[in-house]
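The following blocks contain the structures, represented as C-alpha cells.
First subunit A sits with subunit B, and in the next complex the same chain sits with subunit C.
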Partner chain A sequence: MRDRMIFAAQLLFTMLVAAFLVVPAGLSMTAGITVNYFRGIQSGLTLQWVVQVWELYASTILLSFVIAFGTLAVTLLAGVPAAYALYIRGGRLSRGVEEIITLPVAIPGLALALGLLLTYGGFGDFRRSWLFILVGHVIFTMPFMVRSVMAVFANVDVKTLDEGAASLGASPWRRFRDVIVPNASPGILAGSLMVVTLSLGEFNLTWMLHTPLTKTLPIGLADSYASMRLEVASAYTLIFFIMIIPLLVAMQWFGGRGGVR
Partner chain B sequence: MSHRSFVWLCLLPLSISTAAFFLLPMAKLLITGSEGPKGFSEYLSIVVEPRYRMTLINTVVLAAATTVTTLVVATITGMFLQRHRFPGRSLLIAILTFPLAFPGVVVGFMIILLAGRQGLIGEVTSRLSGDKLVFAYSIHGLFLGYLYFSIPRVILTIMAAAQKLDPGLEEAARSLGAGPWAVQRDVVLPALMPAFVAAGAIAFATAMGAFGTAFTLATNIDVLPMLIYTEFTLAGNLATSAALSIGLGVITWMILALARSFSGNAVAAAG
Partner chain C sequence: MKTGLEHGVSLRVEGCAKTYADGTRALEPTTLDVASGETLVLLGPSGCGKTTLLRIIAGLETPDSGGRVLFDGKDLTSSPIERRNVGMVFQSYALFPNMTVAENIAYGLKIRGVAKPERAARVAELVQLTNISGLEDRRIDQLSGGQRQRVALARAVAIRPSVLLLDEPLTALDAALRERLRSELNRLLRTLGITAIYVTHDQAEAMELGDKVVVMRKGAIAQVGSPRDIYFKPADRFVAEFIGAANIIEAPIEDGRLMLAGGRQPVNGSEDLTTAVAMVRPETIRIVRSDGAALNGVVESVRFSGDRQRIVVRDVSDKPLVVDTANTIEVAVGERIGLAIAPEAIRFLPPDRR
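And now, the complex of A and B:
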C-alpha cells in the first residue's frame, strides 16, 4: 500500500513536470493556427499567420539554413582531421589544444561576440556579410564536432587500424580517407546533427553579430516576440519546431550523444 | 609526405581558425577591458562598484536557485523513470527531453505563454481569484525559464547515472536493516554525487551566462548578461562591457572546470 502511494506521488510529480514543459509548447503550436488566441480555438483555425510569417521572415529561415550548413562544412573540413591528429598525437600538447577549442562552450556567447566585434568590426564588408555570423557559429560548434569524433576514435581503436594500414604501405592521406573517416562515421554523424541543431538555434552570439540584412531565424523569432501579435510569433515558433524536431528525432535515433553531457 | 607532417597538416585549419577567431578576439577583449578611463581597475569594478556587485549577486543567487531546484526536480523524476516500467513511460521521457534543442529565445516565449499577460497562469488565476498573476517579465519569469531549459538536460544525466548504479548495494543496505529513506540517503544519493556535480555545474553556468531568455522576457532584468548587453549597446561603454564579460567568462569557465576535475568529463552547451 505504502509503495503504491509513493509510486503514485512520483508519477504525479513527473507528469506535472512533463506538463510544465509540454503545455507551453502545445499552446504555442495551437496559437499559431488559431484565428484569435484571445478568443480561443472556437474562433477557428487558419494558416494565415503561417503565411504571414513566411512572407515576412522567409529570408531569415533561408539564411539560417545557409549558415548552418556552411558551419557544418567548416567544422567537418577543419574538425575531423584535427580530431584525428589530436587523438593520434596524444600527449600534453593535444590535451592543451583540446582544452582551448572547448573553451567557447564555457564562455558566454556575449563575450565571444564582443571579442569578434572589437577585433573585426572595422572590416566593413566582412562585418556586414553573413560570413561574420558563420565565424561565430564555427567557433561555438567546433568542440562538439571534434569531441564527438574523438569519442569514436577512442572506442574503435583507430591507432591499431591506422598502423595496420601503414604497415601495408598506404600513404597517410589514403589511410585518412579509406580507414579513418569510414571508421569515424558514427561520430561524424552525431557531431554533424549537433552542429546543425546548435547553429539553427544559436541566439547569444548571433544577436550581437547580425545586421539588419543578416537576420537568422532566432533573430527573427526575437523580433516577432517583441513586435508582432502573439499568433504570428506562435506561427513562427511552430515553423521552428517543425524544422528542429526531425533533427532531434535523428539525434535520438542514431544514439548520438554528440558530447553534450 | 611523412606521417608526422601529415598529422601537423591535419591540425592546421583548426589552429588557424581558432587563433584568428577565438584567441585573437579574446586577447583584444582583455586589452579593451583595461583601456577605459579606470585602466586595469575596471576588472575589479565587477566586485567593487556597488551597482555591478548587486547585479553579480543577483545573477549568482538566480543561478544557484535554478541549480538546486533543477537538481531536486530532475532527481525525483529521473530516478522514478529509471526505476519503474509502466505504460506511457517512453512518451513521458520523450516529452521531458524534447525541449533540449530549444534556444533561449524560444524558452522565453514559452514562459510568456505560461506566465505572461495573455498567459495560462494569468487566465487561471483571474478566474479563480479575480487577480491576474503575471510574472513572466521579471526575475521570477527568468527563473522559470532557466528551469525549463535545464530540467531536460539534468534528467538525462541523472537517468544515465542511475542506470549505472549497482542494485546489489541497495539490497545489501536493506538486508542490513536500513529503511527506504536511509537507503536513499546513505547509498543512492552519494553514488549519484558525481552526476549531481556535473549536471549542476552545467545548469549553473548556463543560468549565469545565457542571454536569449532574459532578452525575450524583458531588457530590464538585473542580471549580468543583460548588464553587459546594455553597457555595450545603449551606453557604448566598451571597456566596462569587455571587463564584465571577461569576469563572467572566468566565473562560468571556473565552475565547469572545477566540476570536471571533481567528476570527470562534462561538456556543456550553454544556450
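And now, the complex of A and C:
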C-alpha cells in the first residue's frame, strides 16, 4: 500500500515536470494553427499562418538547410581525417589540438562571432555572404564531429585495425578508406546528425554574423517573434519542430544502435 | 612437403634500442640474427621488451637512432610497415569487421593489385591450409576465437610475406584450444618454410615452436639458443627459473662435492667454492632408499596429478627441493627418503648480479 502511494507520488511528480516542459511547446504549436490565439482554439483551426510563414521566410529555411549541409560537408571532410590523425598519433600534441578544437563548445557563441567579425569583418564580400555564417557553424560544430568519431575509434580499437591494414601493405589513404571509415560509420553518422541539428538550431553566433540577406531559420524565428503576430511566430515554431524532430529521433535511434554494437 | 609457398628472408636487427618520449627504456641496444626460414621465438615476462622488438622489426616502431633493421641485408629501418612486406598476426587479430572472411584474407592481395580470379584461388588455398573452409562468407563477429585466429593467420600469410610476425597469437584462447592450435601452427610454419618471429610469454609454446628461442628480461636479451640449450643449459638464474621448474641450490663446494644439509652431492669438474649456485631440474632427481643414499630428506608434500607426481623434500638443501617422479612411487608426508642426482644433471650458474 505504502509502496503504491510512493509510486503514485513519484509518477505524478514526473508527469508534472514533463508537462511543465511539454505544455508550452504544445501550446506554441497549436497557436500556430489557431485562427485567433487570444480567443483560443474555438476560433477555429487554420493553415493560413503556416502558409504566411512559408511565403515570408522560405528563403531563411532554405538557407538554413544549405548552411547545415555545407557545415556537415566541411566537418566530414576535415573532421573525420582529423579525428583519425589525432587518434592514431596520440600523445601530448594531439591532446592539445583536441582541446583547441573543443574550445568553441565552452566559449559563448557571441564571443566566437565577435572574434570572427573582428578578424574577417573587413573582407566585405566574404562578410556579406552566407559562407561567413558557414565558417561560424563549422567552428561551433567541429568538436561534436571529432569527438563522436574519436569515441568510436576507441571503441572498435581502430589503432590495431589500422596497423593490421598497414601490415598488409595499405597506404594511409587506403587504410582510411577501406578500414577506418567503414568501421567508424556509427560515430560518423551520430556526429553528422548532431552537426546538422546543431547547425539548424544555432542562434547566438548566427545572430551576430547574419546580414539582412543572410538570415537562417532561427534568426527568422526571432525576427517573427519581434515583429509579427503571435500566430505567425508560432506557426514558424511548428515548422521548425517538424523539421528538427525527425533528425532528433534519428539521432536517438542511431545512438541506441551504436551502444548495442 | 613442397607447396610452392616457401619464402622468407634472413633478418638482422642491429643495435636497436627503444626509448619512449617519457624516457622509459623499453629495449636496450639489441642485435639479433634470424636465418631464412627459421622460426625465432621471443620469450619473456610481460614488459621485457619482446613486443617492442617485434614492432621494431615490423616497422610499427622506429628504433632509437643508430639501430638498423635489415631484410636480406637491405636496410629497411626507415621504411614504414606497409613497405616491408611482412605478415603480421596480432594478439587481438585486428580482423576487419566490415569485411567477410574471404575479403579479409584477400585484402593484402587486393592492395597489391592481384587480379580477382587469382585472389579467389589464393583464398581457396589458404582456407584449406588453415582449416576454415566453408567460413569464407561469414562476418568476423560470427566467428569463434579459434576461427578468428586462423583467419588472421591466413590473411597474414596470403601476401607471401618476407617475414611472418606473430604477437602472442594464442594468448586470447582457452587452454585446450591453445594447445591444438599450437601444433597446427607448428605444422604450418614447417610447411611454409617461412622466416617467422613469434612473441610469447608461454615457455611451452616457445619450446615447441622455436628453432631458436630468445629469452628476454628487462629490455635485454638474457639468452639465445635452441629450446634444448635454454632448458638444459640456462645462462643464468633468471632463464633457469623462467623456463620450466628449477631447483636453485646455493651451497659451498668442497672436494668436488656440493656440501648440503642433507648430504654430500658429487658434482662434475668444479673447483672448490664458498658459494656455488647450482640448478637441478625436478625430473632429474630420483627417489631411492634412504640408507646409503648420498642425500637424505623428509617429504614435505606430495602432489599427485595423474600422469606424474611432484614431491617437495625438505632438509636437503637451504630451500625445499622439488622432485618430479614417476606416478607409481608411493611416499608419505613425513617419510625419510633418499635422493640421487646424476652429477651431469647439475648445472652451475653464474652468481647473481643483483
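To be clear about the criterion, the second predicted complex is superposed on the first by the 255 of 261 C-alpha atoms of A that agree within 3 Å, B and C clash if a C-alpha of one lies under 4 Å from a C-alpha of the other, contacts with A are read in each partner's own complex, and residues count from 1 in each chain.
We take it that a contact is a pair of C-beta atoms (placed from the backbone, for glycine too) under 8 Å apart; a residue touches a chain by one contact, two chains touch by 3 or more.
Here the structure is a predicted model, which is why all the values come from computation and not from measurement.
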Fit-or-clash call for subunit B and subunit C when the two complexes are aligned on subunit A: fit
First (subunit B), second (subunit C), both or neither touched by A:35: neither
First, second, both or neither for A:100, with subunit B first and subunit C second: first
Which superposed partner A:160 touches (first subunit B, second subunit C, both, neither): second
Touched partner set for A:131, first subunit B, second subunit C, both or neither: neither
Included angle at subunit A between vectors to subunit C and subunit B, based on C-alpha centres and rounded to the nearest 10 degrees: 90
Partner chain in contact with A:76 - subunit B first, subunit C second, else both or neither: neither
First, second, both or neither for A:56, with subunit B first and subunit C second: neither
Residues of subunit A touched, compared between subunit B and subunit C (which is higher): B
Touching partner for A:168 - first (subunit B), second (subunit C), both, neither: second
Which superposed partner A:250 touches (first subunit B, second subunit C, both, neither): neither
Overlay on chain A, subunit C to subunit B nearest C-alpha distance, Å: 7
On subunit A, the residue positions that both subunit B and subunit C contact, one per complex: 166, 171
In the complex with subunit C, residue positions of subunit A that touch it: 91, 156-157, 160-161, 163-171, 174, 178-179, 182-183
Residues of subunit A touching subunit B in the complex: 7, 10-11, 13-15, 17-18, 20-25, 27-28, 31, 37-38, 74, 77-79, 81-82, 84-86, 88-89, 97, 100-112, 114-116, 118-120, 135-136, 138-139, 142-144, 146-147, 166, 171-173, 176, 197-198, 201-204, 207-208, 218, 221-222, 225-226, 230, 233-234, 237, 240, 244-245, 247-248, 252, 259-261
Subunit B - residues contacting subunit A, complex: 1-3, 6-11, 13-15, 17-18, 21-26, 28-29, 32, 73, 76-77, 80-81, 84, 86, 92, 95-106, 108-114, 118, 120, 147-148, 151-153, 156-157, 160, 198, 205, 208-212, 215-216, 225, 228-229, 232, 238, 241-242, 245-246, 248-249, 252-253, 256-257, 266-271
Residues of subunit C defined as touching subunit A within the complex: 21, 58, 60, 80-83, 85-88, 90, 92-98, 107-108, 111-112, 155-156, 159, 165
